[in-house]
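Following are the structures in question.
Below, subunit A partners subunit B and then partners subunit C, in two separate complexes.
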Partner chain A sequence: MAQFLRNYYIYLVLLVIIVILSLTNLDRFDLFARGNFLYDRNIINILRVSAPLLTLAGAFTLLMVSGYIDLSVGSTMGLSAVIYAMLAINGVPFLAAFGLTMVCGALLGAFNGLLVVKLKITPVIATLITLSLFKGIALLLVQDGVSAIKSIGDIKMPTWFNSYGREGVLMGLPMAFWVAVAVTIILVVAQNRTLLGKYAAATGGNPIAAKLSGIQTGRVVFVLYIIVGVTAALAGIARSSFMSLGDPLSGDGMELNAILIVLIGGTAFSGGEGRVFRSFIGALIIMVLTVGMLTLVPAYFQTLVIGAALLAAAASNHLISRKAAE
Partner chain B sequence: MSLVTKSAKPIGHKRSLSDEMFITMLVASVAVGIFLLASVLVPNFFQWQNLINLVTNNWAVISLGIGVTFLLVSGNFDLSVGGIVALSGVLSVWFVQSTGGVNALSTGLGMPYWLGVICALGGALAIGGLNALFVVRFRIPSIIVTLGTMMVARGIAQVITQGSQRNTNLPDEFGFLGNLTMFGTSIRFPVVLMAFMLIVAVIIERKMVFGRITYWIGANPIAATLSGIDKAKHVTYLYLFSSGIAGVVGILLSSEFKSGYSNRGMLMEFDALVIALLGGVAIAGGFGSVVGMFFGAIILAVVTSATTGLTLSPDWQFILKAVAVFLAIMTQTWALARRNR
Partner chain C sequence: MTNQQQSPVLSVEGLVKDYPGVRAVDDVSFSIERSTVHCLIGENGAGKSTLIKMLTGALQPTHGTMKVNGSVYQPNNTHEARGHGIATLFQELHVVDELSVLENLTLGMEVSRFGFFIKSDLEDRVIQTLKAIEPSIDPSARVSSLSVAQKQIIEIARAASSGANVIIMDEPTAALSEREVDRLFGVIRRLQETGVTVIYISHKLDEILNLGDTVTVMRDGKHIITKPLSEVSGRAELIELMIGRSAFQTHTPRTKISDEILLKAENLTNDLLKDVSFHIHKGEIVGFYGLVGAGKTEIARALFGADQVAGSISFKGQKVGRSPKHAIEAGIALVPEERRTQGLFTNLTIRENIPVMNLRNLSDYGIFRSADEVAAAIEYVDKLSIATDSIEKHTEKLSGGNQQKVVLAKCLFSDADLLLLDEPTRGVDVGAKTEIYDIIKDLADEGNSVAIFSSELEEVLGICDRIFLLYSGSLEEEFINSPDVDVSHILNVVTGGHEGAVL
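Presenting the complex of A and B:
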């Protein structure tokens, strides 16, 4: 029973939250009707808004599994959003802008990797430094007196700009969401079927043993930072396209959300353990909770509920893993 | 940076200074050096009043830094302090606001001021207790716990203020403590309190058993436990101590502005962490000092105020902050490695 709980509790949590949210308004709206949580447009909307977090979940998990952390993901996201919007507004076509932004994300990730692996700065400090640095660069790229890159007067965002994050291409869901799904599938395969996943777990579980058995842990961590950078850039593109502007602050607080979903997914903070797909579910839980809650309580309850969820996730994680160890 | 190498050199093989004093001196000389550099670059920077402002404008974050430093030395994070600042400030306003206002936000519990302050402090200590419970008893990594309690504390503040602020229906004496000037100068009570807490903290850290135990726990928790130190109790005290300071800071800030604002103290937990790290506190525990943290705060303050003085766009301060932390960390690592070669 404990084993079953340990393996499946996260799906149960998601299910319970969805059931509660879809039952609470039944006195006013029919099931599946407009106004109910299960109204199809509502579900599409939640999945659309979730795209950035879902994109980021997998790579962040792998990095945490290897025992490292990236607090700069929010700033990387904001900077990528600004770069993408700048490219687009200056007439660069979609695919080129998309590719260039991803390259930028990879470079930002590589910079983190450089600080952590080559200069041996503690990950928390190194990525706090880049959190500040990337945010500063993003803010400087946007000219004074304007809060974000957006259509002003004659300078217009191209018409294709928000279709990536908004326009439904399959089952009513936009490209951004399907990219998130694709990224997750790739990373699930990478974790289960490739050496990268095994090396990441080995590095996080016991770095010295990993090194002694010939794994180049530095290189593994470096690659993981680059992957996190690329997915953060994808998340930035998704957010920027969804909001039709390049907002340097659009990723603020993303590092907290990322840590939160990874913990809810059962990844050990000390490294060595964790699954990509569970973090994906964790991201869904958080997005369903935040968006769904708006129909029940005023918006100012959000911080409290998320904080309580974080503590509850950490505590239950701990209790479940201790039960299993006994 | 030339100042740094000069102060690092003459020590030689004699080892008259501990590594810790060495780093503290290093940070202090970097602070002085960066102040002199800013004085050359920024017009009107080299003024007595400006030097005082560097300290007085940062009393809140330096006060928070005391508790955060002690916890870091013991090997634990405290990221909840910013949330506690908001919570205790909002609570103190809510408790003291008189009953029967025109709407929900102007109606409080009508307690006398002294009682309201004590109860608000109780709220802050409750968050500290929660930190201790999760970290010590459940053994969950402190960075996660205190991120969670930070959000819970700020979340409660947001619920009480309905996401904005409470500032009406307050008795006159509410604004007294935060704006009280002392010694016939413009120096306010919170700054004096900060200085007092700094001195007490240095004495505890250097001269008292409690302070030395904190270092043992951080340096080698297992050895500390084996030599009969009650680690759980000690870390609990440290969390209560840190949240108590944060509570006082929150109450004083809301007294200064005569309002309880749910977003007050936003990101202060990161600033407190950054100044401690700038001041040479090791993130792994067992190493660092309150004096170093103080000079770390001065470094950060000089960087921030020089940005304004150079009439750069405020966006530059993020980049300069990053560069300052990077250089500080690299210098410390380099200097320690060179010294222990």
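Presenting the complex of A and C:
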């Protein structure tokens, strides 16, 4: 029983939250008018705004499985959003802007990897440094007097700009969401079926044994930082497109959300354990809670309620794991 | 009070410790006089460590009594032992580098009121103790600036100033240079003057002869003798007492070993190793035998590319890149000394552990063939008879012997031509031990070479074709194993008696 609970716990949590939100009388569901949580437009909206976090969840999990962390994901996301918007507003076509932004994300990730692997700076410190560094660059790129790259006067964002994050292409859901799904599928396969996934688990589980088993742990970690950088850039593009602007602060707080979802998904903070797909579900839980809260409780109360719900989730997850281990 | 003065500081009577299938300590009785240096010697597996663990409360005896100052003493843990004035100097040091010497000495004993430290005579007392045993250490120095030997002295001072009247030292000189050893001996003698009793465990017989007042010899869990060292004639007598007359089960070397040289190491030198040269033939089982700190692990790690070393290593006639990855690719695999921290992925299952040194073999273009992984795991679980109900079991939950077999399976799966086994049967039960030896012999018969790095003489004599004797980082002697090897000569060499020492 405890084993069953441990394996399916996270899906039950998601289900319970959805059921509670659906059964609640949503008179105050002003935002989406109809007053039913399981209303298709509401679901689409939740999944749409979830795209950035869903994109990031898998790569962040793999990095934590290997025993490392990247606190700069929010800044990487913000900087990527700014770069993407700048490219778009200066007439670079969609695919080129998209590709160039991904390359930037890879470079930012590689920089993190360099600090951690080559200079051997503690991951938390190294990525706190780049959190500030990347955000600084993003703020510099936006000209004085405005808060973001956006349409001002004659200079207009191209018309395609917000379709990536908003316009339904399949089942009413936008490209950004399907990219998140695709990234997750790729990373689930990477975790279960590729050397990278095996090496990540070995590195996080026992770095000394991994080295003595001939695994080049430094290279594994470096590659994972690059992958996190790329997915953070994809998250930045999604957010930027959804908001129709390149906001340098658009990724603020993302690192906390990312840590929360992997913890909810059962990833060990110390490395060695964690599943990509469970983090994806964890991300859905956070987003459902966040959006659900919007409609249920006064704004000033929401953060506290979400915090309490997460605390309950993490604590019971811990208890179940301990029970199952006995 | 007079009674307390007269009775020995520590005595044991009829002490027995049973493990499943093994009697580690068998009816041991002896006593230790106040203010002496009491040495404890014996071969590996003689029961010294188990005895010490009972004295320090880490283990509880199956039968028998222990007495401190004549009254019965039954510690349930090391903390209670400390309360009775019995402290241990561990091999790993427990000092805080970032604090000063004085802060380290008073750590955990600070006197405080409302959370603030208050001045007490504690500091003066501690400084007094330190000055008495080693005046050259400045109490205000930061511990990080001290050498390992000095840190060790800090730990001794800490034990002494916290009121310990018996300090147990287990191989305290393993990591020390000759000059540092002399200084430690000075410290021990001054401790003795202050009324402290030292129980000193070492394999280095010259140290025992030089330092000790009394010696207790153990063999196969039994107490052989306790006598004053002044009545001991020399190394030869101690060695004889340690090994007794019982002969070892020695291995008759296999006759058809090829002349083909598989590995050739020349002038290996690093922090510990001194100009070590040797070669290993194809299909041969060689043994490296020496005591703690003799350089066995260092040679194994150097051959595997895990540590930097000067000198040259050629394998199959070619130089090997100096990293574990290169070594594995060339065909060398290492079963490390510490299986839990260096060999095994306890977070992973048996299935995931076994192929980890050679995952490329199970993948095409980085994509993994899961079915082959399962097949490989089943094959090796079967081949090495790893006792488990499923290959999906987490290795954390296996017994020591089965964990060691998983580590061995990892190395076998890497298709190595040369297996380096560092203490392959440490912490493994007798049954699994025999099975591991059989696996090693089979491997050699199939043409693989095996190098065993062991501190158990019985092990190297029982399985190796050729044996190298190590002492303090240098290769002292090499001989072909045979049923009539001179065991006392071997022990003399590995305890440092090679260069015309007293015999």
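Assume the second predicted complex is superposed on the first by the 314 of 326 C-alpha atoms of A that agree within 3 Å, B and C clash if a C-alpha of one lies under 4 Å from a C-alpha of the other, contacts with A are read in each partner's own complex, and residues count from 1 in each chain.
In the analysis below, a contact is a pair of C-beta atoms (placed from the backbone, for glycine too) under 8 Å apart; a residue touches a chain by one contact, two chains touch by 3 or more.
Every value quoted in this text rests on a predicted model; they were computed, and no experiment measured them.
*Asks:* Please work out whether A:Leu140 is in contact with subunit B alone, subunit C alone, both, or neither, and reply first, second, both or neither.
*Replies:* The first partner, subunit B, only.
*Asks:* Which holds for A:Leu128: it touches subunit B only (first), subunit C only (second), both, or neither?
*Replies:* first
*Asks:* Tell me which touches more residues of subunit A here: subunit C or subunit B.
*Replies:* After superposition, B is the partner touching more of subunit A.
*Asks:* I'd like to know which partner A:Val188 touches here: subunit B for first, subunit C for second, both or neither.
*Replies:* Touch status of A:Val188: no partner.
*Asks:* Between subunit B (first) and subunit C (second), which, if any, makes contact with A:Ala202: first, second, both or neither?
*Replies:* Only subunit C is touched by A:Ala202; subunit B is not.
*Asks:* Classify the contacts of A:Leu212 with the two partner chains as first (subunit B alone), second (subunit C alone), both, or neither.
*Replies:* Only subunit C is touched by A:Leu212; subunit B is not.
*Asks:* In the overlay, answer first, second, both or neither for which of subunit B and subunit C A:Val103 touches.
*Replies:* In the superposition, A:Val103 touches no partner, neither subunit B nor subunit C.
*Asks:* Please name which positions on subunit C make contact with subunit A in the complex.
*Replies:* Those residues of subunit C that touch subunit A are 304, 306, 324-325, 327-329, 334, 336, 341-348, 352, 356-357, 359-360, 363, 366-368, 370, 410, 414.
*Asks:* Once bound in the complex, which stretches of subunit A touch subunit C?
*Replies:* My answer: residues 192-199, 201-202, 204-206, 208-216, 272-273.
*Asks:* Under the stated contact criterion, what part of subunit B meets subunit A in this complex?
*Replies:* Where subunit B meets subunit A, its residues are 134, 138-141, 143-145, 147-156, 158-159, 161-163, 262, 270, 273-274, 277, 283-284, 313, 315-323, 325-326, 329-330, 333.
*Asks:* Within the complex, which stretch of subunit A touches subunit B?
*Replies:* 115, 119-122, 124-125, 128-130, 132-133, 135-137, 139-140, 144, 256, 259, 263, 269-270, 298-308, 310-311, 314-315, 318-319
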